[in-house]
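Next, two complexes with chain A in common: one pairs it with chain B, the other with chain C.
Up next is the complex of A and B:
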């Protein structure tokens, strides 16, 4: 990782010095262990604040919307997919953004690491190859980072940025996982079991909207939950209102979700938000053979119509 | 210090005894999430835990609360106010920072406008807090007027001295909990042990934030461009406000069905675009910059004017839970380093 950090700094320095961009959006060291934080660099003298490690979990494409400056963005596989979607949806123009692609090995879930340490307070974490060396008061533990990846990273099939102007580091091997196995398992449950699962998950939701605000594709000028004329959903913690929020949001992301998992990582209450999104992603893939954010040319299936579109969901009397 | 001694082996039966007389709430772990829940047995309650994800403020100030329900016909209308809990309530094993948060809420809801919903619950509630022998790296209670063993807001405070708790009696309400339970007074030796535990915990804490002169500084930089820079990475979600034990802003809505319905009070968040959106469509806080500034100003300036107390108890939830690590300590310390603008 230190090599990647150095390369990112070099690239950022060059871009700023040559005035090719006004701003580089990357990651800096956070204030708590295992926490990197989004960082905005405008002066070439500040590039040494940039870092790359196993905790660069935010989807930085979130910061590209509604801007007029020229921006370089550090993009993992999922960030790059979100950038593609934003370009396709006219939220940013291709020539306004310099994509610094960084092949990703998956990001580490600090919550999972914490659970493995049974409440011992972590003071410092060092990374060496695949090892996480965790130090606290009176203890040191070594863990294999690959066993502690975020759920979304474990099933990610696009670790290498699908689009970039500059690639930093070597490409990585894509995971050879059976896609959507988790969704297929869930689909096999009875409707009652599925309802019970979602009711339990949504009951944890506190309607802080961190999922929406962390999502790079949730950029509506006015979200339907904030709309007061007309008011689409109630504002109380009534179970049906919370369910409607999550269901409507999932549908709005159908064929657009890039599966970065930013929603789930932002959620303070541990709600399984991705379950709905992944079901819709799988449906879009199966019906239209389309995955969001892979290239700039393909038209999003829900933005177009083809006479031979699958329509088995239409019920004939 | 007036204190009693409770052996660790006796704490469960003490709580079970209290559960007979009180509606008791304590931190409980479910699906890896710690929250304050109603407990029917001491075995459910956690005494050694980092802190709950959600602060216990919702026990006195729920996220969603029916103020009254109404129904009407052509000629008449009726209002019904929900009755409060009749059994006295106990919050057991609350952390000192969270107990202290109620001292601020007491002033907010008990100021010029008395809020019967909060105040009745508060008067009906007794707090047994547990001191923090090992404060977390994100804790900074000691720099905002509290401490890992602060008694502010508590009725009793448990201090872990090994095999026993020194139970500091803070109020008469707390003393009553210990009545006729046969616990011994604490001798000098154990009080010294407790003092040592407190000293060690306090010494282990980081520098936190500098609040000296902060209000004056904040008042002088309202229009400073620094707010843009400080808040650039903020996502504008409600985590920091909803998980804050002192944040108390609310909205009131009518949930109408047919000719009846309910008037409901809901937590609101200054981080939401809707928070100050006016009927005209104008919004005095149109972007994240103004909204984040409001949060800092309210906590560290406006509440000093209105309640003579800052709106932060240093629990660190907004630090550990912020999706982008926008650390309030860093923000305040950056502000403290700025030159004042006159």
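Up next is the complex of A and C:
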């Protein structure tokens, strides 16, 4: 990946030097291994702080909302889709943002890597092609990065940015998986089994709202969980309160969720949040033939309708 | 604690749009059509006005069933409110049932102002379905 890093720095330097943008949002090395962190570069002398590796997992589109300056953003497939949605929802204008697309091979889940090392402290991680070379005190281990991808990356169908002004690196082959296989498997369970699964998941939730804060498309001025007049939802971790919180959060993202998995990665308790979002994504695709964030023209499915939409769920229609 | 017994009557909240279903319910009443006394009607301007939170809050506060009823497609007083509602609620219903809510807890119908008979039929049917499901247990807020 050093080639990509160099190219990103070059592009960022050009943009800043030519004053085409005021700010470049990308990734910098984190304070610990496998922890790349979002980075804001305003001067061309700072571009060497930018990097690209297998741990650039945040969705940077989150930082575009409510900005008035001109911004260049380093965008993976999912970031680019989120940018498209934000443009469509008038949160940022297309001319305000320069999208530096980076085809993505999937990001590596550092939690999974850590658990594969059985508690050994990692001091350094190097990347060569598909290999992760992990070094620590008195040990060195080589892992195949493709076995440690984030769950959202494993089912990603848009690794190449759908929209970009500048593309860095070569496009990658899209995954050839059956879409929504995971959802179909879960749907096949009985309602009781599904309820049991979700009760267990929701019971972990501590209502910290990290999922909301990490989501690039959760940008409401006043979120429904903060709203107190009327207060629709209790603020406790009582079972029905958390269940309703998660259901409504997912529902607010119906037809908008770009499946970046930022919510799940941000969750400190490991709640399987994407299970809800994926179901809605599948429903929206099947019913309304719409996938979020693929182009700037299509109208969002819940902003429009067709007179002949299916209505098999209506009693005696 | 609600005791399940033979003469247990479910509590059903019905959100009825002002222009069609509410008038339909009114017609059922003025026509002296009999239907089960299980529904509590809440009049809303349009089925498109119904916030999904209305449904979830109802369930959380312990109703056994929720019915949403509006104008037939193409007959909305505000032209397209029921079309938007249809898209919204099909997703909500599907999501709730995905999380394990019993099918039939929330139901939808179109009842026009002239369909008093249909209103009575819908209420009878919804009541029967909810009765078969028994008292609601899922998403109900536990009392501390």
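Please note the rule applied: the second predicted complex is superposed on the first by the 316 of 317 C-alpha atoms of A that agree within 3 Å, B and C clash if a C-alpha of one lies under 4 Å from a C-alpha of the other, contacts with A are read in each partner's own complex, and residues count from 1 in each chain.
Following the convention adopted for this analysis, contacts are C-beta pairs under 8 Å (C-beta built on N, C-alpha and C of every residue); 3 or more make two chains touch, one makes a residue touch a chain.
What you see is a predicted model; the values in this text were computed from it and never measured.
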* **Simultaneous placement of chain C and chain B on chain A, clash or fit** => fit
* Asked: Is A:266 contacted by the first partner chain B, the second partner chain C, both or neither?
  -> first
* Examine A:280 and indicate which partner it touches, taking first as chain B and second as chain C; both and neither are also allowed. => second
* Structure fact -> In the superposed arrangement the C-alpha centres of chain B and chain C open, at the centre of chain A, an angle in degrees to the nearest 10 of 90
* To do: Mind working out whether A:153 is in touch with chain B, chain C, both or neither, as first, second, both or neither?
  => neither
* To do: Please indicate which partner A:86 is in contact with in the superposed arrangement: first for chain B, second for chain C, both, or neither.
  => neither
* Examine A:24 and indicate which partner it touches, taking first as chain B and second as chain C; both and neither are also allowed. => neither
* Asked: Just chain B (first), just chain C (second), both, or neither: which does A:234 touch?
  -> both
* **First (chain B), second (chain C), both or neither touched by A:121** => first
* **Nearest-approach distance, in Å, of chain C Cα atoms to those of chain B in the combined model** => 7
* Set of chain A residues, in rising order, touched by both chain B and chain C -> 234, 238
* Partner chain A, residues of chain C touching it in the complex -> 51-53, 56-57, 60, 73-74, 80, 83-84, 86-103, 107-110, 118, 121-122, 125-126, 138-142, 144
* **Contacting residues of chain A [partner chain C, same complex]** => 186-187, 191-192, 194-196, 198-199, 224, 232-234, 238-241, 243-244, 247-248, 250-251, 254, 276, 279-280, 283-284, 287-288, 301-302, 305-307, 309-311, 313-317
* Structure fact -> Residue positions on chain A within touch of chain B in the complex are 30-33, 35-40, 58, 62-63, 115, 119, 121, 123, 204, 206-210, 212-214, 222, 226, 228, 234-238, 262, 265-266, 268-270
* Okay, in this complex, where on chain B does chain A touch? -> 31-33, 50, 53-54, 63-64, 134, 136-138, 232-233, 235-239, 242-243, 251, 253, 255, 264, 266, 269, 272-274, 277, 319-321, 323-327, 329-330
